[in-house]
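The following pair of complexes shares a single chain, chain A, combined with chain B in the former and chain C in the latter.
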Partner chain A sequence: MSLGKLLERILQLLPVLLGVSLIVFAMMALTPGDPVQIMIGDQSVTPEQEAALRRDLGLDRPIHERFFLFVTDAVRGDFGESFYHRRPVADVIAERLPATIELSLVALIVALATAIPLGVLAAIRKNSVLDRLATVGSLLGVSLPGFWFGILLMMLFAVHLQILPVSGRIGYSSEIVPITGFLLVDTLLRGNLSAFWDALSHIILPAITLGLPMTAILMRVTRTSMLEVLRQDYVTFAEAKGLSRRRVLFRHALKNALIPTVSVAAIETGSLLGGNMIVETVFGWPGLGRLVVESIFLRNYPLVQAAVLFYAVTYVLLNFAADLLYTALNPRVKL
Partner chain B sequence: MTRLHRIALASTVALCAAMPVAEAKDLTVGFTLDADTLDPANHRKRETETIIRNLYDGIVTRDANMQVVPEIAESMTQVSPTEYDFKIREGIKFHDGTEMTAEDVKFSLDRITVDGAMGDGQTSPRQGLMGPVDKVEVIDGTTVRITLKEPWPILPAMLPNQQIVSKAFVERVGTAGLATEVNGTGPFKLVEWRKGDAIIMERFDDYYGGATDIAPVGPACVDRVIFKVIPESASRVAALLAGDVDIINDLPAFSVAQVKNAPDTDVLTVNGTRSFFIAMNMEGEIFDDPKVRQAAAHAIDKQLIIDKILAGNAASIDGILSPDAFGASELPAYEYDPEKAAALLAEAGFPDGIDVTMDVEGAFKDTAEAVASLLTKAGIRTRVAVGESAQLTEKWRTEGEPKSGDMYFTSWGNGSLDPFDIFTPTHRSHDRGNSAGYANPELDKILDAAAVEMDAEARAAMYREAELIVNADAPYVYLWVPQDIYGVSKRLSGWTPSADSRINLHDACVE
Partner chain C sequence: MSAPLLDVRGLRTVFETRAGTVCAVDGVDVSVHRGECLGIVGESGSGKSVTFASVMGLVKSPGRIEAGTILLDGCDLRGLTPKQMRAVRGKDIAMTMQDALTALNPALTVGEQIAEVFDAHDYTLPRRGSARARAIRDKSAEMLGLVGIPSAESRLRQYPHEFSGGMRQRIMIAIALACRPKLLIADEPTTALDVTIQAQVLELITEIRARLGMSVVLITHDLGVVAEHCDRVMVMYAGQVIEEGPTAEVIAQPQHPYTRGLLASIPRPALRGQPIRPIEGQVPDLIGLPPQCRFYSRCPLHRDACLAPVAMRSAGPNRRVRCILSGEPVE
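For the complex of A and B:
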């Protein structure tokens, strides 16, 4: 891809971001529910006190003025102050982000590491017992609600077998000074192996719960695409040449069969970030998803706006990455 | 491995096991929400206050029976209807070792009550909780006087909601710093706040001991306290059963038996402070007739629902006040009588019954469905419509603006257990929580007078009078006050739940 094309793609981001800002802003503003009333809750207050709170939250200005302020501030990287945390929204989000990204990445790894081998196996042993099991399994994987599956895993591994913790990100005996914010990386960088195992034991259940639907989708994509590739002439030719089965499968077939898998995985990673909300709530995972859900109920406008903007940017960038990967894997396609 | 080696190894292991190991005693609370901020003056959430209360002490606090007792103050005297004096104890230290003075108390209260005192022109969101404070002064070295603009009898009941910060510390770190840094006088010091995950505290060894009226007095029992954030109730129960936490709040009624039957856990309950009721839109064409509202009250078998759905964990009410609240009294009850309900409906001109919709938040759908089926049996054919809290609040709490809708299954919290904070907002014409659209000038007069009446007996009598008026008018169907349910580990001692939903861990111990 030329530099010009790259720039063009990046420029395309701008209208998307402006559009997303407008939509989120309008949706939050038009949804019934007054942040000031919610914040005061069940209390007797004077109208003056209510007005003061409204002014402090910046909600006394007309809506178009608020939107203009939001956009001009956002351009400068200022997303305002969270109504509840009373700190810059960017700080609050930045504190929660590493946990969300770490969980998503581990879930992605879990998904890829199980989906690809299973998908390939199911394809080369088409209609075998294994293939059928994998197909039924993937159907279950897509249809099981994450909430229910997570609690099931928790009851089994944490409550009955007591081999994994119920919730949280790491135990409270070890203090890890952050480097990257990813505990699995930081504990290793600090050479603290016991803390690494501790962090790993905490992430296993949420990562499996989060990664399950993606595993199921990727497995089916891999299987279908592998089956298709195996029917291609060049594979038959490679077999006719007398190449070993292993060489045909892994050198010739798999490389091409993985193209759709990789691009679907890149796009699905965006939904992993979104799907975090439920898994983070079930496992008490201190990530962004949970914070956003809480903020929506409380009508914490600045936080929701900034977070949704973040999700949108990530999604667009991941799509872009998927395109790049696609061209890299398949030189016939030009962007 | 030789035999000798084995013996040596075995004896080392035995020796290690026999040696006393100094293990830190941690008490972990599985808690629904993280703190929004650690600044005692800059938040609006009960859960945030529950956490902060273990780090910061207040001028006064509440004992297990919800009585207000001095904490940082030595004594409290009401000088006049608008003046309260607090003699501040000497020798109390902040976590950084500096001594707390009356100036710190004045500074802390000014931060909450003075307009724009939070910096950047912002006013504390907790200002409303302090009522009509005119000024706070230090009148001699150790006495702080709060002067009110007008009498406000519930000041002592509201004061436990505020905590004392160090003036020097706040001036150093600023309001921004106080959001994440702590220098209080409470029984625990902040170790680390893992945002969204946990707040880790350790015992403050120089603690002055806390309220003298609440034994034991002295430093906290446990070495560390961890508030671990577990928002999902099934996960909190799992954490308790797995032994990961020692206390969980908000145990759902349907998990009570499971926690009770487990070998290492138990259930503790306390009367809550939140009254549940059904608002009937008195501006509408159906519920403007008191007979229809009385019919609804007669149609609901409260005890049946308390027993079957709330697992017995609620107290039935016949007025807005909790049985534990100031001024609560026995009131005539609308007995469960579906036939009488049908008769009242017929008298009101609805011999064939009525069709109505009842709004409810998702969390209470089950209960509302049960109520609806009882209403339906008596001829008030009720459809339950689930809405989101913020949306329903806007629809029903219109502060005098026109209202739509028929019925609203809702509740109002009353942490101070004083009628001023629940009776007035829900019943005074056009007030914030008046979702029924009830307007009775006679009642307004009584409520306004009671709000500033200083004589407790006379004040209680006024609320009694108000309750009787409301009882006849029936703007709401008063349902129940649920108990707060906690799950605890059997290794925990010295802690009982408190009606104001605080979890003060100063006196709690773990084995």
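For the complex of A and C:
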């Protein structure tokens, strides 16, 4: 990967970001509901006070002017102030981000750790009971809505069996002073094992819920590509060399079969961002997704705009990572 | 004559399909002697590749070996466990495939693909550690050198796509020969290559065969290749052997009408300007074959007696033919 190519990718990002900002800006402006009215609520204020607030938030200017201001400020790294928190948007987002990243990473690990072995097994034992179960399961996995599946899990494990907590990120008794913001890491760094188990027990259900559609998709991709690879001459040739079954399956077949799986996984990781909003709301997870949902209800324009920009950048970077991984796994391709 | 290296008797390999049971190999007897090169000729679907996939134990579901014995050096390969069979594959019997581009794994370096054969079969290597790794690397480089790839040491780190077609074929041969097998099965070794490279690859196989004293089975549909490189030839048609004998004799005096047809359909410089004479008709469907001679429908000489099952007949010393018009019945 040359520096020029890297630069090219970064430049490609610019029109995407501009387009995304424009769309979000327009959609927020077109959505009914006035942030000033929402902020005032039931309080009685004079028209002068209301106008002052409007001016204070910059909402008295026409929309094209607001967009221009937003873009010029954003270029300098200033995303404005959250209407609700009255603090810079970037700070508010940064506070919530670790929780979301942690949840997404655990969901990703859960998805990869179940999808790849299941996909491989289903391919090796094609048309077996296991294969059929996995196929039906993956269909369910893609079609079950996250909020419903999440509540189902919650009812079973938290309400009936009472072996896992209902919601939140960690119990009150286990709260610790953060270091990295990732609780699973911080509890270990502080040597507090009981807090680590507490955090782990909180993250399991939301991570499974968030990772379910991804697990289903990755399992199917792995199964299909594994079946494809097992038909290849090089697998027969590897068998003709008298190699162990394990070596044929994992070194020869899986290495090739994982190429599509890994690229799809990198792209699908972007979809975890969208899933986060629902799952975080269902499980009371204090992350970015829930913050965005709340901000949409409050018509907290600056926060929604910045968060969506953040999603867009992440998505594009993940696609880029998918390309890089594809190259790393497939020696025939050079970027 | 000493016992053959490979002795296959009454091999029957079938594939279960929705349309019925396909009998791809039907009662085939093959013997390969030490140091000889046996050519197997036949068109696509004649069962030549399946016969040797059966020998290698590489027939995959929905296919299975239904009957027959496969003796290698007196040991029945069909009686071996999968693990024991893996110890034979790649060590005693090795195989090359038609197209090296698809037979070599695109995601692994050439060095690794050679090294793993030594790793699986070579018990003379140091047990473990860097000494083992070094010994394997040296042996791998030596194999690449043996098949004529220059600066082998550095090329071990390259991937198959970084080599030319002829080079890849040589690499595949190097892999097959790594553990000095007693028998090499070369399945259409030249089909995917252009003519000049074809000659080089065949020369290489012939030369290494002489040097290592191994036996070679050359599966091909090119009678020219057989004429030049094989001591004996076996012609297959629709899952059966229909003619067998020393190459020179079979080509000079083919006994079976199918063999004659094959030889007549080769373009020759002497017959320039005349149309090529193909064999009319098509190979019969291998599902639910009638007991008659399988070449009946295409044979210019067929008669009513051909509608009965035809057994192999003797046609002189070391020659056999499956046609009632030639040879004599064997007891």
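A few points about this structure:
The criterion applied here is as follows: the second predicted complex is superposed on the first by the 330 of 335 C-alpha atoms of A that agree within 3 Å, B and C clash if a C-alpha of one lies under 4 Å from a C-alpha of the other, contacts with A are read in each partner's own complex, and residues count from 1 in each chain.
Everything below uses one rule, namely that contacts are C-beta pairs under 8 Å (C-beta built on N, C-alpha and C of every residue); 3 or more make two chains touch, one makes a residue touch a chain.
On a predicted model such as this, the values are computed, not experimentally measured, just so you know.
Contact with chain C, but none with chain B, is seen for A:H252 once the two complexes are overlaid on the shared chain. In the superposition on chain A, A:R76 makes contact with neither chain B nor chain C.
Using the contact criterion defined above for the overlaid structures, shared-chain residue A:R332 touches chain C, although it does not reach chain B.
Residue by residue along chain A, chain B and chain C are tallied for touches, and B comes out ahead. In the overlay built on the shared chain, the residue A:E239 is in contact with chain C alone; chain B does not reach it. In the superposed model, A:H85 makes contact with chain B only, not with chain C. Put simply, chain C touches chain A in their complex at residues 56, 58, 82, 85-91, 94-95, 97-99, 102-108, 116-117, 120-121, 159, 161, 172, 175. Put simply, chain B touches chain A in their complex at residues 26, 28, 33-34, 36-37, 39, 42-45, 115, 121-123, 125, 127-129, 175-176, 179-180, 192, 194-198, 200, 224, 226, 228-232, 234-235, 238-239, 241-244, 388-391, 393-395, 397, 412-414, 420-422, 424-425, 431-433. Every residue of chain A that touches chain C in the complex is listed here, in rising order: 232-234, 236-245, 247, 251-252, 255-256, 259, 329-332.
Looking at the complex, you find that chain A touches chain B at residues 31-34, 37-46, 49-50, 52-53, 56, 84-87, 92, 95-96, 99, 151, 154-155, 158-159, 162, 165-169, 172, 175, 281-284, 286-287, 290-291, 294, 297-299.
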